[in-house]
Amino acid sequence: MLTLRKNLYRILETSTGKRRGISLIFNSVLLSIITLNALAIVLHTVPDYNRRYERLFYDFELFSVGFFTIEYLVRLWVCVENERYHHWFWGRLRYIVSTRAIIDLLAIFPFYFTLFATDLAVVRILRLFRIFRLFRISKYSHAFRVIAAVINDKKEELILVLTFVVFMLIIVSSVMYYVEHPIQPDKFSSIPATMWWGASAMTTVGYGDVYPVSPLGQLIGGLSAMMGIMLFALPTSILVSGFSEHMRTRKGSPRQRCPHCGAEI
Amino acid sequence: MLTLRKNLYRILETSTGKRRGISLIFNSVLLSIITLNALAIVLHTVPDYNRRYERLFYDFELFSVGFFTIEYLVRLWVCVENERYHHWFWGRLRYIVSTRAIIDLLAIFPFYFTLFATDLAVVRILRLFRIFRLFRISKYSHAFRVIAAVINDKKEELILVLTFVVFMLIIVSSVMYYVEHPIQPDKFSSIPATMWWGASAMTTVGYGDVYPVSPLGQLIGGLSAMMGIMLFALPTSILVSGFSEHMRTRKGSPRQRCPHCGAEI
Amino acid sequence: MLTLRKNLYRILETSTGKRRGISLIFNSVLLSIITLNALAIVLHTVPDYNRRYERLFYDFELFSVGFFTIEYLVRLWVCVENERYHHWFWGRLRYIVSTRAIIDLLAIFPFYFTLFATDLAVVRILRLFRIFRLFRISKYSHAFRVIAAVINDKKEELILVLTFVVFMLIIVSSVMYYVEHPIQPDKFSSIPATMWWGASAMTTVGYGDVYPVSPLGQLIGGLSAMMGIMLFALPTSILVSGFSEHMRTRKGSPRQRCPHCGAEI
Amino acid sequence: MLTLRKNLYRILETSTGKRRGISLIFNSVLLSIITLNALAIVLHTVPDYNRRYERLFYDFELFSVGFFTIEYLVRLWVCVENERYHHWFWGRLRYIVSTRAIIDLLAIFPFYFTLFATDLAVVRILRLFRIFRLFRISKYSHAFRVIAAVINDKKEELILVLTFVVFMLIIVSSVMYYVEHPIQPDKFSSIPATMWWGASAMTTVGYGDVYPVSPLGQLIGGLSAMMGIMLFALPTSILVSGFSEHMRTRKGSPRQRCPHCGAEI
């Protein structure tokens, strides 16, 4: 019994030791099923495809949920092999509340819930949860891990700068509301509603559904866009510098040599 | 008497010495009230909330103005403890005209003014002044201080570059006016009106309410956007480099020292 | 015979040796014809010009195809002078399937095909192939080669980052679809259709044909644009750093040497 | 006679020697008149102001043209004091064809021309020439000179990159034309017309007057915007790096010290 659990653990989680070959195959299969799920979730919403391949989509959904359910239960069974989740009960509980296991669960549990749901609105929301299956790719994607590491590295600066961005968004939208509300009461109906304009202007998206028409409003609008460009450059440059630092470290940059003693730093 | 004033000064302003604990509590309470005010100002404009919680909004307004008024008067009383405002009369006068005290005053005085104002237009403008309560957060926000320091540091370059941006905006809008006015006299009605298009094009917002339709106008429009991207990159990069310099200095630059020989690089 | 082939090869391909002068003249003529072709392709689509100069466009097309066909055949004949395509048959076959020769062929073959095509839709698609004549400029453009080199240099990082961009586009569009589809079923008709909005929002283009109207949708829309700005900064900075590295290398980095002691810094 | 000419030359051009004080005053007066002209040109186009202050605008125009004409003639008379324009005839001719003198002339000559012009269309174009008066500010603006120096410094790279941008704009627009023309023949009417869309998409302005509607067109549209962001980052970064190099040189950067011998570079 113990040997089977250990073997399964090695296949599912560590990808080391004698079972490395099988582990690679399993991971490839899993990744393929997740990718096919992503494709199914996206194409399922196209009325044409949905009508024509309804049966196929349903069968694939059943197969996927079945596969992911078994996978979830097996992972839960073998997780105690990991030192972090060693205890047969508390360890498994700790595994269940780990971010990864929650994402895994959210990817399957809505399906079982829809079987009993009768309210259409609830069913629709539960469908949204299928997007969590997409997030499962993140575990296998190098890109995802790099970005996550960079964000984690620069957390402090990013929060500082984004706080300021939000603050300026509120200020700009409040001023714009008082200037444009009397002229366009339906478009700049309230400060929260004006923040939609503010976000659209400061990110320079400019959909064109709301825009100031008074000269003062247009002056503020122009300044908001200029300010937006400069403000968003701050989190952007933090992310970029974090990313390039990450890349440099990974490559073992030859530039990191002390010019005084010649030793590598 | 003197001891009370000194104590209050320490609690309100310096956050040092024996009264540090009380000072922290007071600052937290103040920051909470300001944040709640921000929320009230924003939500107050949503017709639904305004109708339902009119009483609550009004009571909170009364409480806030009362609190801020007392706070303002106490700060005015204790400010003479600060060496900069030492004189009992001239010191207080100098405190009153300091940026901070003016913001504090602008956050409360409009309320008293509205009690006597009968003109609705005036009342509306006075309401706008409540936004100054938002600016009071800036004193407590680290992010705000960092940005202010960076802008101050790079003032000279920023002014130089923004002058050029404004100059190019005038040139581009003037040329566009002469090209598009004969074709779209209502949209490109004057050079100041065309500057709204110019700001929208050069910041690449592009709301779509005004755009050139003649081939020559479209050529100028395309070039304006390209020029805008390149021009706005200048103040942006100045801000970004100022910000990263600030961040590096604050961290004490641990990278700029060789770990082997200790020499600075 | 061999001498003629060798001479032609030198003129067409290497631009070295005694035939350098003729080679330069030939290349200039070829570049002029390609540039004129580009102009013809672009202006040909303007109804006015097309009507007025139909005969001229047609004659120039005949001349161009004739010239390019002879050039293609001559290049095919002389390519065996190159060591890579030495064998009289297999060498020529390898030359035919090289990227350059395929572009050259795609620039002429559609013309011959249109002579036999009766279906108008096919003729239209074949016309599109004339754009490949534009790509022939790339061989002579320094700019094109620099960018290609930079992209090749940074391939790995660019793929990593663009993978993440595509992934986030799918996530953002999926979430937006589930939020906005019930309200605007015609605009957010499916996830692939919503990806058009997603691309427009994340690149901050914002045409204004599709935009969220629900508060939740607008919140996601605002965050998407902010995320887009930050995400697209990553491939951009990779390209920029690759480009500046390339430029620095090409200039032989005169800054990286101390003028006093001669040591590299 | 010579002394007067020399004195005037010093006042108008060199701002050195004994006449420095008068020179500063004259330059201030000139700059004020130019600035007022800029204001007049801009406000003149606002129907309201034009109607109300028509007389004032006209009088100021007369005064400005008179002042600039005298200034132009005096500069032409004294220019021979400069070694570059030493010869009494050929020197003055060389001065007349210098960029600066041409701008000065273009700022006044259209006024005299309008006196004889009867065609309204010609008058309108001649009015456009008044914008050249704005360009006269450039001589006194530090910002303008810095940007000009940076552009001149990076000329080569900028041309290389902008060539590629134009090339990609043609390719993208050509492909889009063939894809969208059959569906929206009025909006994507020709390749030159489609280039307006292309410029709007690649600079991420996105006015929303033209946008692709077919799935293939939207895919190309999304990719164009992504490509645009990355491509425009190249000239932008060249300009930014040129600007920061310029700023660093001016400040006498302390970082330019050789780590081997310690000498400044």
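Here are some notes:
Per-chain numbering from 1; labels A, B, C and D assigned in written order.
As a convention for this text, contacts are C-beta pairs under 8 Å (C-beta built on N, C-alpha and C of every residue); 3 or more make two chains touch, one makes a residue touch a chain.
For reference, the UniProt names are A, B, C, D = Ion transporter.
Just so you know, these numbers come straight off a predicted model, no measurement behind them.
Fitting chain A (Ion transporter) to chain C (Ion transporter) on Cα positions gives a rotation angle of 90°, stated in steps of 5. Averaging Cα atoms per chain gives one point for each, and the point farthest from that of chain D (Ion transporter) is the centre of A. By count of C-beta pairs in contact, C-D exceeds the other of the chain pairs B-C and C-D.
Although chain A (Ion transporter) and chain B (Ion transporter) carry the same sequence, what matters here is overlap: shared residue numbers make up under half of all numbers found at their interface. Between the Cα centres of chain C (Ion transporter) and chain D (Ion transporter) there is a gap of 32 Å. The centroid of the Cα atoms in chain B (Ion transporter) and the matching centroid in chain C (Ion transporter) are 46 Å apart. Shown for chain C (Ion transporter) are the residues in touch with two or more other chains, namely 192, 204-208, 237, 265. Chain A (Ion transporter) meets chain B (Ion transporter) in the complex at residues 157, 160-161, 163-164, 167, 170-171, 174-175, 177-178, 181-182, 189-193, 201, 204-208, 211, 215, 218, 221-222, 225-226, 228-230, 233-234, 237, 241, 258-261, 263, 265. Those residues of chain B (Ion transporter) lying in contact with chain A (Ion transporter) across their complex are 38, 41-43, 45-47, 124-125, 127-128, 131, 134-135, 137-138, 141-144, 146-147, 165, 192, 195-196, 199-200, 203-209, 232, 235-237, 239-240, 243-244, 247, 258-261, 263, 265. Chain A (Ion transporter) contributes residues 204-208, 259-260 to its touches with chain D (Ion transporter) in the complex.
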